[in-house]
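I'd like to ask some things about the structure below.
All chains are identified by letter, namely A, B and C, in their written order; residue positions are counted from 1 within each chain.
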């Protein structure tokens, strides 16, 4: 499998501080990749470089056979969608409108209005937010807003599927405000998208969620990628101790043989 | 005005019915009609002194509208339509009064409005508004000419000129000119005084005084120190209305206590429009001010 | 699954309802604009009844110069076509420009309090105008008429433009414009401009002071076809860019990063938006002084009525702004006839209470 997005030796420094330090990373179609790490590890900065929002100080990101920064925004938007941590919307847009904005970027080939409405409904169903369609976005709870944004990102990709280009979905802590059911639902939806051929890259905090659902994990600490690989291969006591500064017990419960972790105390000194 | 509209709209209907032939006839009849100039003048008077002069000439019934600065005589604004402030005239508003002539003080506008009025065929005459005796007399003569009232205008300007000449004569008898400060009002206890380049400055000179606030231009608020430094021998309060309130016992507190005027309690209150209007009553105003500044000279002549 | 299908059906009917509402909104606004123009054409200190409009139009087109047909008709034709009509057209253009600019600036700055002049145009233009009113004669040496008709409007336009370019320059680093920086710098610049105007007021005489006051309140009194011909192209540019800007504005309401992710050329949108608004508002301010309130109230009013989608909001802001200004101006020239009331007073008097009423009766869950 060839890498859809391939980042080489990415570094990002601002104000004399290096936020991301020499990280390389491949995102492959059909795979769900999770970036894990403590607060301030540089996860979001890394993601912003992968999405094209930030230009790396050193290194470069390639998408397909192009350098990310040479791809104009409107074309990039047909190939990758991003769901950021918390997105506020300034004016009283309904959720339906928020999702539909995904199809409004200039230069986008105009589909018929009804086809666009179909795509919106489809995307909202994936994120289980159809019942929120007529609600004003800013009146929703944080979790509901996250799901609407997920629907928006899905809508963006679904509406560009016609171009036949491989697509990437970036999720920055998509489950941070979600209840248990919706956490699992969102991850499952992401998995479905990956199965359909997308590359999905998510920053997650819940190590268990990552371990049980993703194909690859990249562990970050202090701007560096300290470990990467299949969950079973890299999530062990010493790595987690090292990355998160917590003591854990790695257990292997009966189903599927995926590891899960149980933080119980902070690592002394 | 209603009548005029009815008449013209009847004409409009006539044209519409009869078509081009009728239009041609209307053109002919319009050409044969008496010219506007020969009709009775309908004047829009813009500027306090201009309105005052027209009233003084007894031609007030020719005024169809005045502006907000036409404060004297008071019935002008009471009985005539008001076209607004002289710097913010409305073209359609002025035209709605069916004027044949607009006499306005220099500075009336805005310029775009004046342009529209002229393009509408209204004769617009702008008169010089310098605060000087010459300007007053010129204005009277010019308005007399415009209104075809040369004789009354001649009489008025002769009278005014004589009054000014008397004033000059009286002024020469003043032994020691007083330092006079004209105050237009008080804001939070501080006096708004008239400096150079103001009508008040010219009036002080006419009345034989020296402007105590002559170190500055225009109307400005004076600090307490500036009041003391100006050292006025007399204060002249220009009152906007009858109910202008003076700070109680102005000489008892603040900077004015330290002025020479306080020693003699010389506070003269005069109507602002009368004092500063530079119209036909200006000579009288100057006489009055002079009499009140120099009571001994007053005996000489009214 | 059938429950989901039912929800989907509900959503579709909700969307269809919104669309109908938007179409109805456009229809109503179009009628309001037409009605306001007719009312404005037939109201003013000079009585021209509606049935006379046709006769006047005929006489103007029939005879090459209407001046010869009949004195009354000629005068009315002149009032209608050279005074009232340019005024109405200018009101339409300015109202549309202010409405659209307000909506755009609120979107660009993601700030519901933004007004059309927020990007420095108002401050710069006001300072330049005050400068010309007080010191113009000393600086340029031209006479009063030329000053008022050409020099001052030009100065106001340039002042606004320079201020905007200055703010834009300050806020732009490495090709990225920070709207937050621009907003803050704009506040600083406004304070600075106010201080300079205060200084000018201090050295001004009575008449100049009143000129500044009148200018600040705005007036369409000096409208003529020449002004219309200068204002029209700038406003047309702005209105023509609406479809392009609307999509970008919708995305920008989620922030610059999100808009970029959605494929919006954020920097181009920002630049186009600022330049077009600066031109349109700058030329408006030059033509009629500052007219407040239209740009801030109209977009909010429409958001409460039809929602925030810029694709409907922008054209509707243009229509509603135009209608509001035409009506306000019609009142301005009749209420104290034959004098003119500054139009800024009226836009605030009409818009303010209406807006407050809307805020009071609106659904609590709509937050600006």
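Throughout what follows, contacts are C-beta pairs under 8 Å (C-beta built on N, C-alpha and C of every residue); 3 or more make two chains touch, one makes a residue touch a chain.
In this text the structure is predicted, and so the values were computed from the model without any measurement.
Two chains share more touching C-beta pairs than any other pair, namely B-C. Once CA atoms are averaged chain by chain and compared with the all-protein CA average, the nearest chain turns out to be C. Between subunit A and subunit B the centroid-to-centroid distance comes to 78 Å (mean Cα coordinates, whole Å). Subunit B and subunit C, compared by their mean Cα positions, are separated by 38 Å. Chain geometry summary: the mean Cα position of subunit A and that of subunit C are 43 Å apart.
The part of subunit C that touches subunit A in the complex is made up of residues 4, 7-8, 10-12, 14-15, 18, 106-107, 110-112, 244, 247-248, 250-251, 253-255, 257-258, 260-266, 303, 307-309, 311, 365-368. Against subunit B, in their complex, subunit C makes its touches with residues 44-47, 49, 52, 55-56, 58-59, 62-63, 67-73, 75-76, 78-79, 82-84, 144-149, 202-207, 210-211, 214, 219, 221-224, 227, 333, 336-340, 342. Per the touch definition, subunit A reaches subunit C in the complex via residues 48, 51-53, 72-78, 80-82, 84, 87-94, 96-98, 101-102, 104-108, 117, 121, 124-125, 130-131, 133-134, 136, 138-139, 156.
Looking at the complex, you find that subunit B touches subunit C at residues 2, 4-5, 7-9, 11-13, 15-16, 20, 23, 26-27, 30-31, 33, 36, 65, 68, 81-85, 87-97, 107, 109-116, 119-121, 197-198, 217-220.
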